[in-house]
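Two complexes come next, and they have one chain in common, chain A, joined by chain B in the first and chain C in the second.
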Partner chain A sequence: MKKRLGDYVLAFLIILILNFILPRLMPGDPITAIYGDALVEMSPELEAHLLERYGLERSLPEQFYLYLLHFFQGDLGYSFYFHAPVSHVLAGALPWTLLLAGVALACSALLGIVWGAEAGSRRGSLFDRASLITALFLNGIPGFLVGILLLLFLGFYAGWFPLSGAASVHLDYTGWAWVQDILSHLFLPALTLTLVQLPRNFLLMRSSLLGVMEKPYVTTARCKGIKERLVRYRHALKGALPPVVTRLGMSVGLLFTGVLFVEVVFAYPGMGHLFFLALQYHDYPVVHGCLLVITVCVLMFNLLADLISIKLDPRLKEDAR
Partner chain B sequence: MLCKRALFLAFSVLSFFVIVACAPDNPERASSPDGGGNDAVNTYIIGDEQGDWGYPSPFTAYPRGPGYIRMSYLFDNLVWKDADGFVGALAEEWEFDKEELSYTFTLREGVKWHDGTSFSADDVVFTYRYLQEQPFPWQDLDMIDQVEKLDSHRVKIYLEEPYAPFLNNLAGVVPILPEHIWEEVNNPDEFNEPEAVIGTGPFILEEYRRDQGSYRYQANQDYYLGEPKVERLMMVKVSDPQMALQQGEVNYVRVAPEATSALEEEGFQVLEGRHDWCLKLMTNHREAPFDEQDFRQALAYALDLDELVERALRGHGLPGSPGLISPDSRWHCDELPDYSYDPGRAQEKLKELGYTLEDGTVRDQHGEVLSLEVLVRADYAREGEIVGEQLQQLGLEVNVRSAESSVVDQRVREWDFDLVVSGHGGVGGDPDGTRRFMTGEASPHNNARLDHQELREEFTRQTRALDQEEREEAVCRIQHIHAEELPAYPLHHPTWYYGHDGEVDWFFTRDGLGSGIPMPLNYLAFIE
Partner chain C sequence: MHVNYWDEIKKDNLGRTGLLLITVLAVVALGAPLLAPYNPWEYVAPSLSPPSWGHPLGTNDVGQDIFSELLYGTRTTLLVSVTAAFFSTLISLVLGVVAGLRRGLPERLVLRLVDVMLVIPVFLVALLVAAYFQPGMTTLIVLFSLLLWPPGTRIIWNRVLSLKHQAHFTAARQFGAGTAYLVGRHLVPELYPLLAVNFIQVVRRAVFMEAGLAFLGVFDPAAKSWGLMLHYAREFIFTDAWQWWLLPPGLAVSLTIIAFALVGYSLEAALDPRMRRQTYADH
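Showing the complex of A and B:
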């Protein structure tokens, strides 16, 4: 396990460095991006003031040193564009993304596992074939299209759900009404993201189970006269889950990419939208903050998946030592 | 066991959503055109795709039109504008003294800040002095010599030199700040406290939520011009403007040109915007062959702007005017050189320059095919293709490349291009603002940076002209020079549309809001 933790620390350090370099490799500069199309003429004094204010007049090594120094002091910096501390800006967006991504991850994982297990254990049946076709079809539709279709039919024509945002901002709901409001805003984006993730989880679970169902220990269990359902879920699933869990952990990175599109379609105020704006305006501190938070999330989910896999498959424990 | 638990969990999550889905509709909605406006709390909602335009203090609002507008509902200037021109705001009257180069403003009495403190001449003097020291993102205050308080309700502002657009660009742009709040503030762009948005304006900020991109204002019942028509004003983020308007989620929103006829059929009102934004073909006029004026003119004759407007904008726009100033601006000069599509003329010009035209290909004196690159901002790729096509018809070898705006901006700044299709706003407001697109070194990414003695002189003349006729003459001359030199050829001005339910009578402000924002959202529309 120690070696693994070491890997994570190394990955984090590399990302920390890339995080500094990549945004600065983008063509263009923050001042033009933020003030370029502004109403006013950029006077030399204003430009000098802004450069100094954002620390952009310093040399790159100096900027890098300050970036690391502030980072280890727990200070994420001050946003050029939002005129606010980066931590505040992130704190406004992160909870929404975690809510959206968390709900979608949980739903798509649970549904994918159950659906995949049911289909995989009845290989070749009508249910299995129908499921496979549905999953492949869903897998082929881009996420944003799913989102737009849901928005159009369930949001606009049916009018069942709000069209955008994460909450009715202008109303001071409390208690149950507040929860209901949040959930009704969450429903369409979460459904979109779930539908996008689901087929992959289904396919993986199904194929993993297919491999296990042939194993002698499953045949043994069957021969002992254990009910088919118990064989499927108590014996076979246990063997089939570890690769699925590992993949789920790894897919969190992809999930965040999916969140970006979904947030744009539903104007959901999360990290994806924030990251997009920060890139557009070359707001380096916010770009750093976003990438950092996303990286930490992805690494943590990977770690979590590793830990769960070890729990599920004790053989991995030996490897990890 | 695992199965049952998983199934149960999945089921409960699903049923939870179903319950929520079946919950009654959002109880409070903006009034729809046939619906209402009779709510107990009379709320007006303005929708916008970006949502967040910064905390609406003068220093933290983002330096774009919508940011300024959100601030203008809270802070008053000395003067403001309606559809026909200047009207008093915090100043009731003003007087210009040509000899002294000074403006004397007579201030309104009995005005109160949102926190109940009385507004006075000291606040005006403080604001102008404060903004001279602190970098103010909306306007440079360099032309002000000094500000003096004459008595409790009169202020005199002395100018360094004559400055014709003073009312438009300064008195009408600078928000007056309460001295008792800002005197202690040393870093105004980090001042995010509730006090930072206390002004004298028609609305009071109740809530700003950056994450949601939403603003909630309460009417200022003590407003000196009268109480606003609505009790509550909100600005919210929407994902699809047209749907949001049709669903009654908002009362006002900018809509796509394609949506306008459907909206009008449903009883919504659609306003057609002024043409303040311009797409132009910039030339690298410091290098051959673009350094020849005739060559640049030949390119202009080869471009069919009507076709461009028809194909790229589906007719929702105006062809550009070679003088850069928008054709529907009151400053537009009527008698400018005409570059109507004339391929014959374009070929003639090329021949005069020594180029030969064989088999539909233009070759230079050495027999080499004339080949050039058109670099275009990705959001105007369609226009870039059409321009490329039209130049190819002239016989040029054209390579059209589209790139992200920051790439295009950087290459323009460094003179690393042949032709660039790019654009900017600010061609429909006060003409002083067009200087930075024609000459000098300011905003180099969209400035033609023409080094032209007379052009510079005419700009100085119009700035200093205290007589309107003289100013118009200088502005006309400026457009002439631009049209003859053609360092950049204005291609088109897209038309913007605004849909609303008719609850408020929106109008367009002369020369734009503040220093020239071309949107209808003037707060005076809320005042009876």
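Showing the complex of A and C:
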């Protein structure tokens, strides 16, 4: 476990260093590189303040020290596009992303596990082969295309769901109506993300189960006359689940990549959408802040998955040491 | 494991479909200038015209022929993804073999780096770096090659560990073969199937990443790329134009990814004895 933690810390450091070094590698004025073209009309006082804040006239190691200091104080800079500290901008977006990613992760994991278990335990059957081909094809369709098509058909043509955003802007709903409003905005993005994640989870679960179904203990359970459904979900699942959970945790990076596209397509006001906006307006402090926070999320989900798989399969504890 | 992989893929329906699709894509990519009715960089008709006999997919917002754009887009996609897959597989091969043969510090360094790289969200890093450079094809190839090698390295390292204790390997060493000869003559040929699988996986990921970056508008705006077409078409999706402007490049990206996934799946099935047994039992 200590080694895994070390990996996470190193990964995080690499992202920090990338964020630090990229703007400083750019030709020209580092302030413009850090703050983008937004600062055309920069007053001399502001310029002096920024030079001071980033320590741009000092040596690189000193700049890095300042950078780390600010980071651990929660100071990620100031967004000139949103006219607010970056940390405030990010704090407004993060809950939406976590909601969307969480719902999609739960749905796609659950559906993928059940689908994979059903198909894998009937290996070679028509259902299994049809599922496999469906999953292979579905897996190839990029999330943004799935999103746009759902948006067009279920949102625009059918008119069942709102086309963008996470809540109706000018209406002040309260109580139940508010929850309904949030859910109706969440539905299409969450559906898209679930559809994008599902085939992967299905394939993982199916192949993991295929390995387990041949184990002697599963045969024993069958011979004891236990019902097939119980063998599948009580016995085989227990053996097949830990690797799936680990892989799920490792694929959280993909989940957040998916979130980025889905949020852009549906203009869902989370981190991905923010990242995209900031990129368009060259608001680099926000770009860096987004990337840092998303990386932290990914690393934490990874860690969580590691802990859960150890819980599910205590044998892993010895490997992890 | 002496199996004729080529035959295995051709026998498998999924693999055959994938190969067919890839062949079509390759032909389109090579023959784009001959096949395309117009120069996709030129204004050829009023902008936003719907499909007609002269312009099967209509024209885009600056009056360029969409069908010709689509054909030229194949070039960008395949060139970026295949080249990036080649270099990234090469990195995996070198690092995997070094780590497998030189146990101790080199191995620990490589494995640690792989573990760390595996938890980093690759696409987001690519996006960050690309955002600074407004990249063309070369930048993307370098970027993808540097980001997509870790999974393959781990697999190759693992295989090298088991290969180097095999009898023919030990025998060759006993006869006095040097490390270079051993690696070139005995080790690398045994790795070909794994390298092929890895190559295909990386192509698939690179196609997705290229399309994704371009869809977000982070790509040389003058290039012809499916993702970029999607990017421009997205502003017009609530008109009928999505049918001929957005859907074709979207399907092209999907079909390319699916084609490589099918070949990859069927190749992996041929490699994995557990799955092989099943296919024989089926017949």
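Quick note on the criterion: the second predicted complex is superposed on the first by the 275 of 321 C-alpha atoms of A that agree within 3 Å, B and C clash if a C-alpha of one lies under 4 Å from a C-alpha of the other, contacts with A are read in each partner's own complex, and residues count from 1 in each chain.
Note that in this section a contact is a pair of C-beta atoms (placed from the backbone, for glycine too) under 8 Å apart; a residue touches a chain by one contact, two chains touch by 3 or more.
Predicted model, so just to flag it, every value in this text is computed and none were measured.
In the superposed pair of complexes, A:140 makes contact with chain C only, with no contact to chain B.
Legend: residue contacts after superposition of the two complexes on their common chain; A:84 is shown touching chain B, with no touch to chain C.
Set against each other, chain B and chain C differ in how many residues of chain A they touch, and the higher count belongs to B. Looking at the shared chain after the overlay, A:202 reaches neither chain B nor chain C. Judged by the touch definition given at the top, the superposed model places A:156 against both chain B and chain C. Touch criterion not met for A:20: it reaches neither chain B nor chain C. Touched by chain B in one complex and by chain C in the other are residues 26, 33, 151, 156, 264 of chain A. Taken together, the chain A residues at the contact with chain C in this complex read 7-8, 10-11, 14-15, 18-19, 22-23, 26, 33, 123-124, 133, 136-137, 139-142, 144-145, 148-149, 151-152, 156, 210-211, 250, 253-254, 256-257, 260-261, 264, 275-276, 279-280, 287-288, 291, 294-295, 298-299, 302. On chain C, the positions that touch chain A within their shared complex are 14, 112, 115-125, 127-129, 131-132, 208, 211-212, 215-218, 230, 234, 237-238, 242, 246, 250, 253-255, 257-258, 261-262, 265, 274, 278, 281-282. The touching residues of chain A, counted against chain B in their complex, run 26-28, 32-43, 45-46, 49-50, 53, 78, 81-84, 89, 92-93, 96, 103, 106-107, 110-111, 113-114, 117, 151, 155-156, 159-171, 180, 183-184, 187, 191, 229, 232-234, 237, 264-267, 269, 282. Interface of chain B with chain A (complex): residues 1-3, 6-7, 9-10, 13, 16-17, 20-21, 23, 25-28, 43, 45, 49, 51-52, 54-55, 59-60, 62-65, 68, 135, 137-140, 142, 189-190, 192, 207, 209-214, 216, 232, 234, 236-240, 243-244, 246-247, 249, 404-407, 409-410, 413, 424-426, 433, 435-436, 442-443, 445-446, 514-517.
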